[in-house]
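Shared chain: chain A. Partners: chain B in the first complex, chain C in the second.
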Partner chain A sequence: MPAADPEVQTMNYEISLLTTMAIAVMFALSLNLITGFCGQISLGHATFQGVGAYTAAMLGKAGLPFLATLPMAMVLAGLLGVVVGLASLRVRADFLAITTMGVGFLFVGIVRQQEFLGGELGISSIPDHGLGRVGFMALALVMCIGVAALSMYIKRSWMGRVFNGIAEDEDTMRVLGIDVPRYKLAAFAMGTALAGMSGAFYTYHLNFIGAESFGFVESITVLSMVVFGGIGSVPGVIIAAALLSVLPAWFQVIGDYKLLVYGGLLFLMMRFSPNGMAGLAQHVASTKWFPTGGRS
Partner chain B sequence: MLAIELIAQGLIQGSIYALVALGLTLVYGLLRILHVAHAALFTLGGYVGVMVCNASGNLAVGFFCAALVSGVGGVVMFRLAYQPLLSQPPYVALIASIGLFIASEEAFRIIFGAQGMSFTNPSLEQQFVLGGGLQFKLAELLVMLSTATIIGVLAWLQSRTRVGIACQATVSDPQMAQSFGISLRQVRDINFFVGSALAGFAGVWVALLNNLVEPTMGSVPSYKALAIIVLGGLGSVPGTLAAALLLGVIEAFGTIYLGDILDRNAIAFAFLIAVLMVRPQGLFARS
Partner chain C sequence: MNKQPSGAPLLSVDHVTVRFGGLTAVDGVTFDVHEGDLLGLIGPNGAGKTTLMRAIIGVVQPTEGSVSLGGESLNGLPIHQRIQRGMSLSQQLVKPLRDISMADNVALAAASEKTISPLRALLNVSNAQELAVAQYELQRVGIASMASQRPGIQPLGVLKRLELARALALKPRLLLLDEPLAGLNSQEAHALATTIAEINQQGLTIVLIEHNLGEVMRICQRLVVLDNGKKIGDGEPRTVMADPAVRAAYLGGDALGAAAAQGQPSLETHHA
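And now, the complex of A and B:
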């Protein structure tokens, strides 16, 4: 039993932090697929994490093991994602942003009124995942790396190029004969399914979920991670999500001002570096820090 | 009878929505920015109204100061936050605006405290009985009345005065307007001032109706107002007005008949999504 190991006991805090981080990175990368790669702004991404989390919680309480709830969480979140993706074929840009925001409010509003989903109280005492703290963390990290690798792969693939084209100029892609709806739906299906996966991890990590944990603020938080890292940049998003998810835990002072800092950073980043940390890094790299005579 | 009462309640709520959403529409029509932080000016107006009214004992002074402070706040926000972002893709300004809103909501909490503020002598509480057993608070009647007046005056200003016509011209074709000697900067400032002043004004009304201002009072109107201007067909002033009143009434009915399945916000957004799936350009879009 790894939990009984005294070495592991003292590391509990770090293990928990690392798991939180892995879940946040997974979640942010899943949004990066939709918003970063494919250019479809979503203001309701926490909904899909919520669907995954609730699926895992319900199935887990019904007796299914954690590893079996994981794919189910992905499937259900992905299915809802395709439905919302269908909406993205109908409405664009600002309209889509507001529609996805509406989906988020709808999710919270529905879940809060359903007795069998725990209503206002949420679902607590979710069964143990049976992997041990270290094992759970390891699995989260592996999945997180997997999502990152998948993101990198997609970005370089033909599909990634089409995504980029849709983000840049949807109409031109249509003229080029690209089946834009299919690619948009693919982005939504993948992104939301991965969000569902992060939701299942979330459920088993915290042992408690409530509708408010997947509300508008969370949708904005994950969007801020993507924007902060640099929309579309995989390493940027990983670093931003890792940093922003553990900052409140490291600096207890910030804990109370968490939203003020989030909001302020989000605004300042957009105002001064709309391409996020990735853009900032590029800018720094291309700046000549030391005047050099001629070519160097 | 219940139906008439619900319609009346819906129209009162809808008037507030209209005041907040009109400013948003003005901004959207002009700059194509979804100005979420607009609701921060609404909250600001509420706080200023309550504080000034408590200090001076005069409600009218409170209203005036709230509109003035919010209006100036709106212009400052435009100059500092939006003007430098106009050349960026629209989501940049949207996300910046969300950031600004979240930060200011927290700033209100930190500065004024989480528990909120109330009027020391709440006014306009008198009950009115209209024919047919309808009962209103004086404040509720005045909300509808003042909203109608303000919107009427604005419509008149827009179509009859030089400044109003300049605004209209800028919305329909900024470059052409500029080449006719209209200062874009002035028009934008005026729009932000008027829109934000309306939000501040609405903030005081909400403070009066609930006798409470709190840091989070802007969050529901901010998202709801976005839904309204989308419903109204982004940038259309009459559409926004109709959508605001319609949404108020639908919410009033929805909370009675659908309250067990959906909460108030969910009803508003369910309606929004349903409309957008049928009419992606909004209910009253200019084609």
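And now, the complex of A and C:
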């Protein structure tokens, strides 16, 4: 048992922190596919993490091993993603944010009322994943790297080029013969399935889930990670998600005023640096801080 | 692509009517476009030309009537499926993607085989072939030297050509051009009109909406004239423009009335 190893035990805090980071990065990258690449703003992305988390919790308690709950969590979250995607194809781009927000409230509202989903109390004592703390962290990191690699690949593929076009001007893409609704659905399916995967990790990491963990605040948090990092920039989003996910653990204040901090961050980035930290970094790199002439 | 058997029209517009609420924008318009045609669709402002073009491409669905391409009805098909069946549209308002280079803009159109479904798009990474097509099309419209630049900094004359190159890169059977010369100075307009005529001579069927009558008369083999949503003229350009009804539409009913009253249809110089 790795937990018995005293060295691992003293590292418990770091292991837990790294796992939390990996899950947050996975989750943020999943939203980045939808919002960053394809330009579809979602204010209810935590719902899909929630669907994945609840799927994993229910199946885990029913006796399925963790690794078997993972794909199921992805499938269910992805299915709901496609349904929400289909519904939102009919609404104009700026209403999509409202629709997804509504779905988020609906999810929390419904889950709280369901006895078999643990109701207000949530689901606790989720069985052990059997991978050991280090093994679980390693798997989360591997999956996180996998999602990052997939994101980078998509960006380089024709799908990424089409997403980029849809994000900028979907009417023009239609005139170029692009089946815009199908591409949006593809973005939704992939992004929500990956959110579901992060949800399954979340469940087994915390051993407890409640509907509130996947509410509006979480949706705003993940959106602010994507915006803070730089909409569409994979390295930017990774850094932002890693940073913002551990801040509440380091600074109690942030945990207490989560919505204020993340909401404020979202507003400030949108107002002063719409391309996020990635855009800011690019700007700084292209600005000459040290004038080459003048001073010797 | 596939040549139509001679005689059968490539594009068939059959009694197309488009109503917006109480307004009839296009009123029972019928005309055919044959393989190799360069047809000018003209008419005064508000005549319904752009609405008709939008009904052909699928931005608006006609209230009545039908549009077919190569004998296949397009009714009810969304825009992208009409494009995939061999039409392409160069829009009046140029809308390039500003974040990517001009070559990448055209390459996106040239990649229609790879982007036909999200899965195929996901499995294809290389864009070398499409960039080669882009270079060729940009060359064709005379802006190859700016291929690597962003569209954002280009003057309108270049953007109009970019829009045309993008429409050509879709390898259409039928090219729809909505006011490609608008906003250009007379020299630029003349050059682009010549390019359009050349592209037609290379075998592409074109429908052209244009207000620049001088260039239209110079390059088009046939005109269809709309006024108040109705077709009021169809045929060889000189014959059509000599028609009093067409002149009246362009110059206003009073002008015609006055001219008729004085018995001197001396409007010859106007359209030269």
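The rule is short, and it goes like this: the second predicted complex is superposed on the first by the 285 of 296 C-alpha atoms of A that agree within 3 Å, B and C clash if a C-alpha of one lies under 4 Å from a C-alpha of the other, contacts with A are read in each partner's own complex, and residues count from 1 in each chain.
In the analysis below, a residue touches a chain if its C-beta (ideal position, glycine included) is under 8 Å from a C-beta of that chain, and two chains touch if they have at least 3 such contacts.
None of these values were measured; they are calculated from a predicted model.
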Based on the superposition on chain A, does the combination of chain B and chain C result in a clash or a fit?
fit
Is A:R156 touching anything from chain B or chain C once the two structures are fitted on A? First, second, both or neither.
second
Mind checking the angle chain B, chain A, chain C on Cα centres after superposing, to the nearest 10 degrees?
80
With the two structures laid over each other on chain A, which partner does A:L64 touch: chain B (first), chain C (second), both, or neither?
neither
Applying the document's definition of touch, where does A:A138 land relative to chain B and chain C: first, second, both, or neither?
neither
Check the residue A:M72 against both partner chains and state whether it touches chain B (first), chain C (second), both, or neither.
neither
Quick one: classify A:Y183 as touching chain B (first), chain C (second), both or neither.
second
Which holds for A:G165: it touches chain B only (first), chain C only (second), both, or neither?
second
Go through the superposed model and pick first if A:V175 touches only chain B, second if only chain C, both, or neither.
second
Rounded to whole Å, the nearest C-alpha atoms of chain B and chain C in the superposition sit apart by 10
Residue ranges of chain C in contact with chain A within the complex
57, 78-81, 83-84, 88-89, 91, 95-100, 104, 108-109, 111-112, 114-125, 127, 166, 170
Residue ranges of chain A in contact with chain B within the complex:
41, 87, 90-95, 97-99, 101-103, 105-106, 108-110, 112-113, 216-217, 220, 223-224, 227, 257, 259-260, 262-271, 274
Considering only the defined contacts, which chain A positions touch chain C in the complex?
153-154, 156-159, 161-162, 164-165, 168-169, 171-172, 174-180, 182-183, 185-186
If we count contacts the way the header does, which residues on chain B are in touch with chain A in the complex?
32, 34, 81, 84-85, 88-96, 98-107, 110, 223, 226-227, 230, 234, 260-270, 272-273, 276-277, 280, 282
